[in-house]
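Each structure below appears as structure tokens.
In what comes next, chain A is part of two complexes: it sits with chain B in the first one and with chain C in the second one.
Up next is the complex of A and B:
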């Protein structure tokens, strides 16, 4: 019968060296995996926030007057501050589902400027993460920002 | 008959295995970071282009408001030339008095522009109607013509 005996000649020093190397590399690797994970989450957040923000701004641009705009914002946003500019905020959970958590906030501020023959509305929409991303220092909590303007003419201006 | 085989790991064997495992994990970590960073760069680029689009859209709307302000209060039976002279004073606005059209462009930083054409309508008062509102590139890539001499066959 064949018997295999493992004759390991491993010294204590070698084990200590191995553990030190593994620990040092492990710290770097864990950081690297952590940064990669949260960088990916950040990239996904940008895509999700971009879709929500673009959808809202396109709806606003398709509306006929500032009253319709405020009705839409009242209905689709959770909070409203009545200061000038008027700010509306809605909250999302970590999976970007509205109303289930406060991991992300989408804030829109609208400032109306009455001019002859219509109203020019300055719009600024931003998405932010409530808590900072772990492992990532660069970029802060800002996820997305879009600024634009919309002119609501009192009469005329129809797209022919 | 009992035979005994000695397998010796030897001095340094553990270190070699550890270094190999660490190297493998390092490569995986680097690859996952590179993939995630590429996705982030793509998302940032998409965001920059989107933000630029809405910025130039806003500028075009602002110009529309300026034109609307000029048209406000003008008498429809008044001098057409005077109306178009006033409109041409707005920065960047081109007028076509013959066809009663006004056009302007709003350009962004990311090779995109919005070209707007308005019809000036005279009824009981003067107002505009948007004829076109087009997004296009400022510069299109130029591809060099590649002339390939083809075999024309045997005569």
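Up next is the complex of A and C:
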């Protein structure tokens, strides 16, 4: 009866190489999984932040004067800095629920300029993640940014 | 000689077993991550497409008197009035049986809710008129929700 003979030194060397190759491939795969997961989380964040930012801009665009705008921002944002431009900040948790955590911040800066027949307000609104995304180096902590302007006329200005 | 080889042989088999177990774990981890990504992508698609589509429709029809809200099946529906060749037409966007539907019809005609074209799946879809020039749209899908406010420029009121 034939018996299996095993050259232990060669086999052990082979298995050590196999383990090293497997470990290297495993680390690369886990890194790819991590990148894929956090890229998806970033895409989700862009969708959520986009809706919040667009809504705020749309509401501001529908208001009649800068006073109404500041009232809306005072009510809907958590913090305010009185510097020029005036900056308002609101905080969201990881599920984009306002007031439950500080995983994400949405900051709006408004700068008013008195020009002929009205006030021109420059608006910059951005969403940021408080901590950087793991595995992803590109893009930093920025999630979304919109810059816009709104003119509040002193008289008239509506169009049908 | 056989005794000498016994320990490395068991060690080698043990290492192979560990490699197999870890391989299976990595495959399952990859599968779970892929499933999660796919599910969230679908949810995102449903929420974003529904709200973006409505925003675009509303922008297209942003003319005086063309946007209104009517009740359909106990829910608010968005109605966009249009005129082609002196004929009045309406685009209805409404929630019906787990989806957001669109129906383009002659303004004189009545229609069945199932006649509309399904745009996307949604668990909840609400339309609310906040002010004359501001509408709120809310959509929920797979326990995730999103809301969008849209202002109608044609209804901007003078100060």
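Throughout what follows, the second predicted complex is superposed on the first by the 149 of 160 C-alpha atoms of A that agree within 3 Å, B and C clash if a C-alpha of one lies under 4 Å from a C-alpha of the other, contacts with A are read in each partner's own complex, and residues count from 1 in each chain.
We adopt the following convention: contacts are C-beta pairs under 8 Å (C-beta built on N, C-alpha and C of every residue); 3 or more make two chains touch, one makes a residue touch a chain.
All of these numbers come straight from a predicted model, not from anything done at the bench.
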item: Clash or fit (per the criteria above) of chain B with chain C on chain A; value: fit
item: First (chain B), second (chain C), both or neither touched by A:33; value: both
item: Partner chain in contact with A:43 - chain B first, chain C second, else both or neither; value: both
item: Contacts of A:22 with chain B and chain C, given as first, second, both or neither; value: both
item: Touched partner set for A:62, first chain B, second chain C, both or neither; value: second
item: Contact breadth on chain A, by residue count: chain C or chain B; value: B
item: Which of chain B and chain C A:54 touches, first, second, both or neither; value: both
item: Touching partner for A:128 - first (chain B), second (chain C), both, neither; value: neither
item: Which of chain B and chain C A:148 touches, first, second, both or neither; value: first
item: Touching partner for A:115 - first (chain B), second (chain C), both, neither; value: first
item: First (chain B), second (chain C), both or neither touched by A:70; value: neither
item: Following superposition on chain A: angle at chain A, chain B versus chain C, Cα, nearest 10°; value: 60
item: Overlay on chain A, chain C to chain B nearest C-alpha distance, Å; value: 5
item: Set of chain A residues, in rising order, touched by both chain B and chain C; value: 3, 5-6, 8, 11, 15, 18, 22, 29, 33, 36-37, 40, 43-44, 47, 50, 54, 61, 153, 155-160
item: Parts of chain C lying in touch with chain A, wherever the complex brings them together; value: 2, 4-5, 8-9, 11-12, 15-16, 19, 22-23, 26, 29-30, 33-34, 36-37, 40-41, 44, 47-48, 51, 55, 64, 131, 133-134, 146-154, 156-159
item: List of chain B residues in touch with chain A within their complex; value: 2-15, 18-19, 21-22, 25-26, 29-30, 32-33, 35-37, 39-40, 42-44, 46-47, 50-51, 54-55, 57-59, 61-62, 64-65, 68-69, 71-73, 119, 121, 127-131, 133
item: For the chain A and chain B complex, residues of the former touching the latter; value: 1-11, 14-15, 17-18, 21-22, 25, 28-29, 32-33, 35-37, 39-40, 42-44, 46-47, 50, 54, 57, 61, 115-118, 120, 122-123, 144-151, 153, 155-160
item: Chain C-facing residues of chain A, complex; value: 3, 5-6, 8, 11-12, 15, 18-19, 22, 26, 29-30, 33, 36-37, 40, 43-44, 47-48, 50-51, 54-56, 58-59, 61-62, 64-65, 152-160
